[in-house]
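The chains carry the letters A, B, C, D and E, assigned in the order they are written, with residues numbered from 1 in each.
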Amino acid sequence: MAGSPAYAVDLTAMIAATMLPFVSFLTILIATRGRPRLSAGLSIGSVTISLACSIALLALHFHLAAPIEFSTRLLASGGLDIPFGFLLDRLNLLMIAIVSAICFLVQVYSLGYMAGDPGFSRYYGFMSLFTWAMMSLALSASLLQLYFFWELVGLSSYLLIGFWYEKFSATQAGKKAFVMTRAGDAAFFIGLLLLFVHTGDLSIAHLDSRSALSGVSPSFLTLSALLIFGGIVGKSAQFPLMTWLPDAMEGPTPVSALLHSATMVAAGVYLFARLFPFFSMSSVAMTVFLAIGTISMLLASTMAIVSRDIKKVWAYSTISQLGFMIMALGAGGYFAGVFHLTTHAGFKALLFLCSGVFIHRYETNDIYELSRFGARRMVIPTVSIVLGAAALSGLPPLSGYFSKEAIMGSLAAMHNPLWLAAGLAGVFLTAYYSFRVIFILLFPRAEGAASPPPQEAGITAGGHAAHESGYRAMAWPLIILSAVSVIFGFFKTSFKDFIGGGAAAGGAAGMEPSWLHIAPLALALAGVGLAWVEFGRKGAKQIGFVDRMPVLSRLFAERWYIDRFYGLVVEFVIDRGISRLCSQNDRKVIDGSIDGICEGTVESGWVVAFLQTGMIQYRLLAILGVLALLLLCFYF
Amino acid sequence: MHMEPATFPFLSAILLSCVVGMLTIMVIPEERHVLIKQVSIFFSGVCLLLTLYVFFAFNRSLGGLQFVEQVSWIPTLGISYFNAVDGFSLPNLLLTGIVFFTGVLTMWELNTRVKEYFALYFLLVTGVFGLFMSMDLFFIFVWYDVSLFPMYLLIAIWGTTRKEYGAMKLTLYLLAGSALILPAIIFLWAKSGLNTFSFVSLMHPGMFSPADQKFAFLLLFLGFGILAAVWPMHTWSPDGHVAAPHGVSMVHAGVLMKIGSFGVLRVAIMLCPLGWIYWAKSMAVLAVIGIIYGALVGLRQTDLKYVIGYSSVSHMGVVGLGLSTVTVAGLNGAVFQMFAHGIMTALLFSSVGYIYDRTHTKLIPELGGLSRIMPVASAFFILAALAGVGLPGLANFWGELLVFLAAFKVYPLFGVIGVVTLVITALFMLRVVQKTFYGPANARFAGLPDVSPWLGTPRIILAAVLLILGLYPSLLFNVIRTASVPFMNGLPR
Amino acid sequence: MTLYGILFYLISAAVIGATAIAITRKNLMHAVVYLIVSFFGTAMLFYLFGAPLLAAFEVIIYAGAIMVLFLFVVMMIREEPSGESVFPATQWVPAAFFCLIYVFVAAAMAVQTPGLNAPLKMLTASPIQFAVHVFEYHWFSIEVVSLLLLVALIGALNLGAGKSAHCGQDGEEEK
Amino acid sequence: MIAPFSHVLVVAGILFALGAFCAVTRRNLIMIVLGIEIMLNAAAIAFVGGSLHLDNLDGQTFVLFILAVAATEVSVGLAIIVYAFRRTGSFDPADFNLLR
Amino acid sequence: MNWITEGPEIFYFGASLWFLLLTFAAPQKPVSNGGRRREYLSAILLASVGILVCLASVRAEGWLFIRAYSVDLFSQVFKTLLSLGLFLIVSLCGSISDIDERRHNEFYFLLFSCTLALMLLVSADHLLSIYLSLELSSYSLYILVALRKRRALGLEAGIKYFLTGSFAAAVMLFGMALLYSSCGTAYLPDMAKVLPGLISRPTVIMGLLFTLGGFFFKLAVFPFHSWAPDAYQGASNQVAGYIATASKVAAIAVVLRVLASAGHGSAYLVHVLVILSVVSMTLGNLAAIVQKDLKRLLAFSTTAHSGYVLIALLVLDPAGYSAAIFYALALLVMKFTVFMVIVELAPDGRNLQIEELAGLHKRSPIMALALLVALFSLAGIPPTVGFTGKFLIFTAAIQKGYVALVIIAMINVVISLYYYLLVIKAAYLLEPAEALPPLLVSFPKKLLAGFSIVGIVVAGFFPYWLIQIANAAVLPLFGGR
């Protein structure tokens, strides 16, 4: 295939799509730091081309039969080849389309949102970095290459979360995000190395072909699958490494929209889908994934119920939706997972961007305050956010409904009904918390009503001045995304054809009982209804049922104490425990013994020198004594 | 081994330009600071250009020894002045050239006892260059010591924190290392019965009996290991780093520690491969302890340079782990990591140097918010710190990747520990970055100037090298492979 | 055992005894006198060993000149027997220990070494023989020793002579 | 026939030990010099005995020169000691402790 | 008989006599009153001519005094070293103020006669002549030490030096008696024939041990080292320098000669030497750490260096001996350089404390550099002559399998570096309490310092020629000519 014109076109398109953002990143950081408009132009220009290339590729290969792989050897080091290249299949095509589209929209949106920020150029530089890394990640042909960009994505996340570096919480959150995902990545890296050592090839196509791993023992397969899944847990903020994501909301809202809901966190799910055939070879591992997805989904939903910070609600919901995807994939519903990934990218970005408009306008994250300020008066965002929330809750005919249904379908295919029950509970909770936010926003309470005590301190965002201008730039992406959320669900079948054709294994097989179409919808409606009762109707106290149970609400608000636990571990076990022990050891034992030897030498120097000051006769005595002893030695 | 004689003595020219530079500086009157610095930059630039030439002129397909120069020196003892480069020494040579040049630039603002500083600095680097290019055991030792003894004065006169203690500790530690190396070298000479110190003649797997190899390897490993900051012989290094002036810290952490690992590779491993195989496991244990221990201790440091110092211990542990795997990948990774770590720490120290010269403190609690005041200087530091974390796209990633890969084959558990330590490294590096550069701008430092393009030159060079190698590691691996593959193939199994 | 043998042991015993007494005297004068006795005994041993010239020299130079010089010095400075403890325990205990070790080892060595246990024959080197030997083979040593005596002379002169003249001045220059 | 040479050596050895003992233990500079004289004397006996044992006149020659050296030693030694005594008024070696 | 054969001896004898004659000449006006320094000028002239004479006779060979005195390359090389040492020390005596001006003639007389004695010592082939030459040199030195104008120090040092020396000489003499009566001869070449066969006899061992004791006294090897610190400290700076340089060189030569006659030695002998060597090194270095007085420090370091030399000697083969010869040269140059700095810094002849070096790098950069180079050379850091010397010693030792010994020696090198660094620190780091004026170093002194620096470095970096000489000089000891 090499040398054919199609090949050249594909390669050029892919190189352009990935490398242009990188070029713009370098240019911005090196050359145009002082000229924000130029920087933004560069960045948006490059992402536009990326988008164009992605769409072109998508169009070109819509009926792609077999994956196309382009690869060259990056590095060969004695019995070790590290290839570098692009893999093109349907999943990729979809992913780069999503990524570049949302990147494009968010960057356009940011023109308004970030206008006037002193770090404007830097912002666009990092955005470009992210685009580069994410696009390359999606196109990676080998697991190692994927890891490479996986880490770079993490880096851009770190830089963007801590974008307002003068704010302590932001830098703290960035560090936390980096270290926590890094912990997951360590497992990923180990798994990757293990795989490499045992199979000698990390190319994704190779791993996904069942024949390649036929000789490997199942337990090893499970182990490496679990380790690689560690990376997914970290990046997609699943239990137990979930707590960095809510904190990551310290970053600018577009960043949250782009990285921490639509694309970067979805990279975990993408990896899962990418290696789906590989993972599905180990049923034990799949069950574990399913369990982790479920736990994350439920935990995050409960946290979302009590949060007053609008961005955090969406952050928790992101975790829980990612949990849904993991559940779907874990249950074997390849299509369901990928479909939900796609729809979620759209409506979650929408939700964040809408919230961003509010936050930008009113400079607060608190739903109650937003409501009091009358956020509902901004029409486009309000309509969009309602649409987004409805999609999130899985209300027909929005996209979320279709993907949720698909997920329920794959869960129902499991033998154990527990998974389905959990999934349905999740649907209910999702609808409840999303409409809780909507109703609070839409129906401001009477001034005098007792407000629930603030539970989260410091949620008001600061750091940049409000800007009335740029609203227009911010509005267009909202409209586009809303449109997508509304329409996309209807393309379910064609989407299924597209994706299903690309994946080796189908997953959710046939029989879907008819009540399955009803049950999620009913539960979602029930959730909305409960929210209405508690928050929407006239005279509602706007106090949720959880708020009435202090123990539970505290538990949820404290994120099930997971964070607290990590803090304690880091502070007491690592910092004050092992690390202190080691430094003490360094100072007292190692240095101490070295210094002790040196001091001992000097001390003995004193002793010896003192002996030298003795009377002359002692010296003669020494001569005599030494000679006598030496002679005595002769006899031994 | 293939030997390619030099058409022109480039290697000697490198040494000569150092020596001539030193002598030129010595005859310039003390007061003419600027002239001294200009001369230093000139001669170090010449060195850099020569090393670059040698690096790129090295025939990667031929491999073996190239640029060979050999002159008999003391025939009665079989000592010859024998210079050559191979795939192992070439990266180190280039590293020295880069760090040397940038180190001179970094000290542009020095104004006390300038003449002595640069003269000693040149002497120091002469030793380092000599060591990397020498193929004669005697000269390896001579250069080793030549690079040691200016250190004491450089640290003790121009240093900062606890400088006399640090200088004395460093000097004595390193000399203690040479106390083990010299007997071992002579031991090998005596045992070979060839009456030659030439590395090439001695390097045959069957040259020494296994027992001799084990013994000599132990001595050599401990001796050079001190310089490579192998745990638990590492404590000189943080103290030395902290005390040294920035330019010296750069050479010190960037290059001198590499002398240690390079010595282990060149002398201990290549001459005593059986000893290597015998002791490899113990080496690996020490290296892994070093990796995790350095990171853990680094977690609690409050002095910027101490943090870097302990991270160096950790990173040099990675080198040690690579060397102890007895695999091609391990060797490649170790040599690459030497280079990457050298550039990275040089960049770190160079940035810290800039910050210290402005703020007059390197205590983390006293700093903070520097990103606002000097964004470019901070960016360099952050870049280097990220390299230290092992971020892909920067040079260190490849070294660590290969080392851990090799380790997974041989010592899976150690590999796991090493990878997990990356998390801790990330934790403390980012903690330092956060506390030093982030947060509200410190009013004390308001108005301090950011790096000017001229003063930023050394950092730009170093950062560029980190990036280039991060994206195109084959540049170096192609060279290293020419030495590691034949060596491992020739190894008795 | 021959008469000479008996004589040897008798004289040796006397020499050792006299020396032992000499070194334990608190009074320097007594010590020197006992030592002179010891040197006389040594001279007799020399004679016994066939070195009459040396025996004469021993008496003249050692017992005569050297010891008399000692006597002079002791008398000149008129040192009263001071409160010195003749043998401080810190010195004599280890010294005695080492000397005993030494004597035992030396004796064992001398006795064990083959070829030393045959009794010595009587031989005499006449002064002429001796002188010829000395001047034939060792006139280099004579040169050296003459220079040595010259050095000693100058040394003694310089150490002793200037002292009265420079005493005060030296005192000032000291730290 | 006299005694065996080994006995001569033993006698010389004992004298040597006595001299050394004197030099080491007597807290008096003059006695130290005396002790050294005894040691020289012991060596002289060994030499003369050896000379007889070997029938070689070198040993006797040695003794001749030992006498000369002993004279030198006494003259120089006593000169220094007496001079030192003039300055410090002591013969006790323990009183010479300026150098440290 | 060829006059050139004993040219050096005759020359130095004549030179001594010249100063003896000067003693009788009319006293001249003191220098302070415009008097001319007759003694100094003639001394430096004679010393420099002496070097030429020695060089001229380097290739001379022959026996004198019925073979009691052998002139061969070995002795001539050492004589040249000795003449060089004397010249160097005399060149430091230009402003000697620590010796009474009226006694300068005697001072030079003793210096020259001591050199003569040392020359006789390196050539002497008979135990008797060795003994007498040794005594001659010792007595000259006792008196030189005691001659110091600071009498209390000089006298005390003189007494201690004298008593230890006499004691050691007595021990040596007794050993010679044993050796003589066991070997049946006192002539070294004859002894060399019988000694290897008798080496394990108790009396021979005892005799050899005691005999070596006397030489070890000269070399300041444990346990005969105890005079060194006091003598160095108590003697005037120049005399201490002389003891440290010329006297050590001759001592190395004579030990070489005696040990060479012992052939391959016995295991016991080697063990004894190993013990003495290790203890000397360790003791010397440890004691030197805490010294405040520079000369006393050097004395202890001398003991340590003697320990290193002993390693070369106990190898008992030509490689070791030639290493020892090389090291003798190295010691000569290094020690001299340090003493030169001391003399320059203490023009009034006082004892120099280490902290008095403070600010030297500013007061006189060249002297500071000379001190730096000399101390690093003493510590054995390449590329200096001290390192090359140590390297030769260690190669010789390891070839014989003494790896552990070499490691111990290297550890001692580390310890020694510590106190050398303390001195360097004083010279380069410390600033004097009150600002001191720059040191006025005369041009010849600067030249001398420059030559010392260059000599130390060049001889260290290009040692081949010297090594060849040392190798050639060893041959006569083994019968080769």
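To be clear about the criterion, a residue touches a chain if its C-beta (ideal position, glycine included) is under 8 Å from a C-beta of that chain, and two chains touch if they have at least 3 such contacts.
Please read all numbers here as calculations on a predicted model, not as lab measurements.
Peer 1: Which contact partners do chain A and chain D have in common?
Peer 2: C, E
Peer 1: Using each chain's Cα centroid, which is most distant from the centroid of chain D?
Peer 2: Between chain D and every other chain, the largest centroid distance is to A.
Peer 1: Give the identifier of the chain nearest to the protein's overall CA centre, each chain being represented by its own CA mean.
Peer 2: Given all protein C-alpha atoms shown, the central chain works out to be B.
Peer 1: Is the number of contacting C-beta pairs greater for C-E or for A-E?
Peer 2: When the contacts at C-E and A-E are counted, C-E has more.
Peer 1: Using only Cα atoms to place each chain's centre, name the chain farthest from chain B.
Peer 2: C
Peer 1: Roughly how many whole angstrom separate the Cα centroids of chain C and chain D?
Peer 2: That gives a centre separation of 5 Å.
Peer 1: List the centre-to-centre spacing of chain A and chain C in whole Å, with centres computed as mean CA coordinates.
Peer 2: 100
Peer 1: How many angstrom lie between the centres of chain A and chain B, each centre taken as the mean Cα position?
Peer 2: So the centre of chain A lies 37 Å away from the centre of chain B.
Peer 1: Centroid of chain B to centroid of chain E, CA atoms only: how many Å?
Peer 2: 42
Peer 1: Could you list the positions in chain D whose residues touch two or more of the other chains?
Peer 2: Those would be 5, 9, 16, 19-20, 23-25, 27, 32, 49, 53, 58, 61, 65, 69, 72, 76, 80-81, 83, 87, 93, 96-97, 99.
Peer 1: Pull out every residue in chain B that's touching 2 or more other chains.
Peer 2: Residues 172 of chain B each touch two or more of the other chains.
Peer 1: Find every residue in chain C that makes contact with two or more other chains and list them.
Peer 2: As it turns out, chain C has residues touching two or more other chains at 91, 95, 99, 102, 105-106, 108-110, 113, 116, 137-138, 141, 145, 148, 151-152, 155, 159.
Peer 1: Which of the chains touch, listed as pairs?
Peer 2: A-B, A-C, A-D, A-E, B-E, C-D, C-E, D-E
Peer 1: What residues on chain E touch chain C, complex-wise?
Peer 2: My answer: residues 13, 16, 20, 23, 64-66, 68-69, 100, 102-103, 106, 109-110, 113, 116-117, 120, 126, 128-129, 132-133, 135-136, 139-140, 142-143, 146-147, 149-153, 182, 201-203, 206, 350.
Peer 1: Could you please specify the touching residues of chain E with respect to chain D in the complex?
Peer 2: 127-128, 131-132, 135, 139, 142-143, 146, 151-153, 155-160, 162-163, 166-167, 169-171, 173-174, 176-178, 180-181, 184-187, 203, 229-230, 233-234, 296
Peer 1: Would you pull the chain C residues touching chain A in the complex into a rising list?
Peer 2: By the definition above, chain C touches chain A via 91, 94-95, 98-99, 101-102, 105-106, 108-109.
Peer 1: Sort out for me which residues of chain C touch chain E in the complex.
Peer 2: Per the stated touch rule, the residues are 105-106, 108-110, 112-114, 116, 136-141, 144-145, 147-148, 150-152, 154-155, 158-159, 162, 166, 170, 173-175.
Peer 1: Could you list, by residue number, the parts of chain B that touch chain A in their complex?
Peer 2: Those residues of chain B that touch chain A are 169, 172-173, 232, 234-235, 293, 296-297, 299-301, 327-329, 331-333, 369, 371-372, 379, 386, 389, 391-393, 397-398, 401-402, 404-405, 408-409, 412, 415-416, 419-420, 422-424, 426-427, 430-431, 434, 437-441, 473-474, 477, 480-481, 484-485, 488.
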